[in-house]
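Below you'll find the structures, each written out as structure tokens.
Two complexes, one shared chain (chain A), two partners (chain B, chain C).
Coming up: the complex of A and B.
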């Protein structure tokens, strides 16, 4: 745990020279993403010299739900699973919050937020429990459950409606301290950090990486595999609930139809350097990837490119980056 | 049954149980057909007016495109992959066909549509077979690319209008003699070809070999990348056919026509007993799986369940069937 401060990669890095090189290599992807993001900001400034604080703010607000979805997906994929219910759970928590807050006081909304976060935790734990006890592949279980939670969201609210407490919307509609830092970004980093930083340093966090890396080896080392998986799904549910609340903040209402967040989250974690095989990657990479994708989309809009074409570019980037990544890993293995 | 040693009551009971299980594992189609019969019986008990050929033809009409779409998932899942681009590719085929029909006539339009789907499949195949991109990611990226390209294409074609030729509508969505769904004319040869290829043709065996143990297959001299390349082109073409049939059934075409059938197509293959990890499964189960899902949808509609409850039950039943299946096959 000596190299726990590294930005990405498994928390257990050795103190030896080889260990340092290895952890540097693992962080290389993250450094690359940071570089790419900075480059994109320069490009954006070149395209649109007036790009400033207000554009940055709307960028952060727009990316907030996707960022929570990506973080949620990253946690479960690191533990060797995959969660296709994220979009549905976001819709469910979003409408639950909107329905409960309709007509309620501002103080009551605090209780609602706590309740909705707990709801996400419970729903996620239930997902994990079903994965563990049915022994059906994660992708199938969560695929089936995505129908269930989407249906539940429709039960809560038939059509878009409800409302959101003013203070909740106020959390992201401004800048923090100085004009260049959007409140939405601060909220995102605080929310993710409060959950993830203590978790990653805990026994449970280490178990998650262990189970994702090699299930059998983890089991033989005395890790409670089933309980770890359920915990990972629960944390994913919690982050999905944050995503649902962020939808409430940006739209002010509840929408009972799942957005494209599940697929976007998978795209973001892969760009962010989380291996779909599990056990590898962190949360910083996916977060950077979300903002890179959002910035590319914004740039294409500034360039007057057909907004639909942005989807094409996003798909191409996803595939190309993964190909490059696969090539790099291959070369490293043969070298 | 014959090999069970009769050493004691409990032991022979357990052995009989095991051989019963083995019998079931070798014939996964049996419980599936029973489940289908059960669903149909339940439906007919609730709604006796549906005991007629017209209803059955309607079920077949909707099950056929789903079964074709699920063929893509079955074949790719046999190699341990998955094709998440089928819905986008199928919608693309439907939309290209409908918009090209006014200018080119239906035959050329269909050929153009299928060429586009084969091209999409080829790109998938190159990514997965040659560049070793994870199939989930490659086909996900492909679906984004196709969806975006089609939306751009849609803006260009906004003046041409979209037409489903009468012949296409008859073949894909028509019914003859009151009970025969015309789409069976396409589906029966197609399904026979898939079933035959998987059982008797070298290519089918290669799919199982690659899915079962890719390294062993490579060491045995299989050119895995060629198998995967061919597979994803076939998957693209099948998705194209499914999209055209969907367009014929609904008599509409849009860039999101087939989107909502993506998850059911995966579900049909899984219910049908194809393992997502590769190497195990087949197409006959998938066909029954597609029928089960279609009858289930019909049943939930007949029960006048509100849409949310319908979705919840749909998901719960898929999970229950998959769990029961894993229970039976895992304890062998």
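Coming up: the complex of A and C.
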């Protein structure tokens, strides 16, 4: 019995101070990312002293589609899945919007935006439904479906074309209130916040974390595991549709070929502190990670590094940061 | 039985393919009683629990709660109808904090807090993620979460297994309070002492069937053990000729091939010591989850111990990888053959793998030597080679032979067998017994854990009994019949490890209860007695190490 007491440890005492330290540590990754981002800004200013508001604006516009992709991926990974259709769904929603807006009025474009967002939601829910009912691993189902949605995009629009309503493009082409805040950033935060903040506080959001953390424990706690997964995929589809619309905003047309967004989204969430095993992380980390990756890319361009080599550097930085972070987490857990 | 049953399950059956997990299980729980559900390994207990709690659906049978039939299709549904389980493993979602876990199950926070304190856990920070809490606390929180919704029927599955004595005490008190409030508790435990201390009646399962319902009174252990054993118990144990002499011949002066000292690992293995001698088959007997899995994992090199020592041939050994254990001559035959075999590959490749895949064998494999060694092993084990191109097409028995053959072909020194005959036909079983004896006779040492107690006197020279992560008994296998082994495996007699406090306290509470209540004095009188009675009988065949 005495050894049992030993292994069991003592009641979780320690009081509130330990609690505060613990909760600080839990957001340590996010703080680290904020620090890294600020450091990168300083580095950028040192490399290119003229780096200012307009560069910041183009950075935000450029990062917008990747940011939506990362947020989309984060939602589904938190609930224990992975979605390889994100790039394809972005292409599909992008060309659908472009095709429908071609020749239409500005007012009609509002309907198109609503329709495209619903399309993303439905396509996502369909992804989730297939994952749940086939019981085939998520990665395989979504890989297969990524070809389906990419094909569907080509059916909608054979070659780049269509158009985008002026008001939609206007959403991101300026700065907000002061020159240092790009409109694209505001749009991103508002769009993500409107969906995620209420969800996070709801039982569904809690269920998503629960299912991602431990399916069996969640099931035993009375969570409808299948429905939760479908909902997570649907939200992912919604964010992917926002990504598709952001492509319309920045390019003004529809491009029926998926960009590199699926893999970039995985990279961003890993750097953003979302556990690929599910159940851990949030959306702020991935968002910060997207801007970190974009800034690194920009810095390498300013330094006149060969763009091909820049990709290599970007990959190495990603691996190193994640490794160091994982190592620190491990050290802490075993300590 | 026509008395008012709060929960009544009748004729529950469940089969998985050809395997019948439950044949005809029934359970009747009265209002205000603590009901023990008992059964030896493989009796169907865990399947029954899963059906009662809605985790799986039965093929047949009815479950009535308060006289109304209900099909429980999910844990959520079972929860709403008033049956709340506390499972063997913690059920809090690890990445959520305690508060979020409560929200998930819609548990009232204040009631939960009160129960947590009543159960002896003070200063709990609800913002702590479940992952960071120690196992014992998680069990308590599971229980508090169940109690907070005031369930009609509370099902506790091995609730006390991971708890230290003082917390066990609080749990017992909470169960008594449920009873006083007219609610029912289904109590599953391997500890007879707790059953005796707290339960009113016990339902015993054997081979997927309910074979008896007994009132828990003085001397009930005997009855329960008898029920669990079935008709075999009355027959004398088959004695094996020759081995008795063998074990006499081996005196302690012989160097042990493997000696384990105060080994600790994981949360279940606390303190195990024994010697495995050259030319011996040493049996390990334990109920499920008493630390035997951890023991074999450590010896096979797939887990690291948290304390204690392992000596191989007198030299201390530490294994960081199964390859280290194999190099030291310790080879492992797991119960789950899928863990050991490459199912899509041939018999030949599977047998050759351990010695042909050694890293010092670069270059092309010497197929003629390999072929000879494999041929010898296949013949020796009489493996049916008609379907040898893919191991998965062999029968279970032949697959198990392949897992043993690979080590025989490599020249085995120490064989670790974990329930090697699980789910194997009787003839192959015999062959495997004979093989183990032959190997021992040829100078190998065999450590054998088996869940089938009748194997022990047939195969082993000595037997070590593990209960609650500790060695509680050691005896010559020749005299170890099933009742003796089972009694020892249940930790009867209590001996040094059993929480004497629980008995004393239970007796005291009982003494206090007996006077005012009057309705149940016969049931619980002298709770401390039966344990002490059986101490004599169970201890006699063996000797304490």
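Just so it is clear, the second predicted complex is superposed on the first by the 316 of 335 C-alpha atoms of A that agree within 3 Å, B and C clash if a C-alpha of one lies under 4 Å from a C-alpha of the other, contacts with A are read in each partner's own complex, and residues count from 1 in each chain.
In this section, contacts are C-beta pairs under 8 Å (C-beta built on N, C-alpha and C of every residue); 3 or more make two chains touch, one makes a residue touch a chain.
Keep in mind it's a predicted model, so treat the numbers as computed, not measured.
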| item | value |
| --- | --- |
| Chain B versus chain C as contact partner of A:207, first or second or both or neither | second |
| Partner chain(s) touched by A:217 [first = chain B, second = chain C, both, neither] | second |
| First (chain B), second (chain C), both or neither touched by A:280 | second |
| Touched partner set for A:257, first chain B, second chain C, both or neither | neither |
| Chain A contact footprint on chain C (complex, rising order) | 55, 74-76, 79, 85, 87, 90-96, 100-101, 103-106, 120-125, 127-129, 132-137, 162-167, 264, 267, 270-271, 468-469, 497, 499 |
| For the chain A and chain C complex, residues of the former touching the latter | 1-5, 7-16, 18-19, 22-23, 26, 203, 206-207, 209-210, 212-214, 216-224, 279-280 |
| For the chain A and chain B complex, residues of the former touching the latter | 130, 134-137, 139-141, 143-148, 150-155, 263, 266-267, 270, 276, 306, 308-316, 318-319, 322-323, 326-327, 330 |
| Chain B residues within the chain A interface of the complex | 82, 127, 131-134, 136-138, 140-149, 151-152, 155, 263, 266-267, 270, 276-277, 307-312, 314-316, 318-319, 322-323, 326-327, 330 |
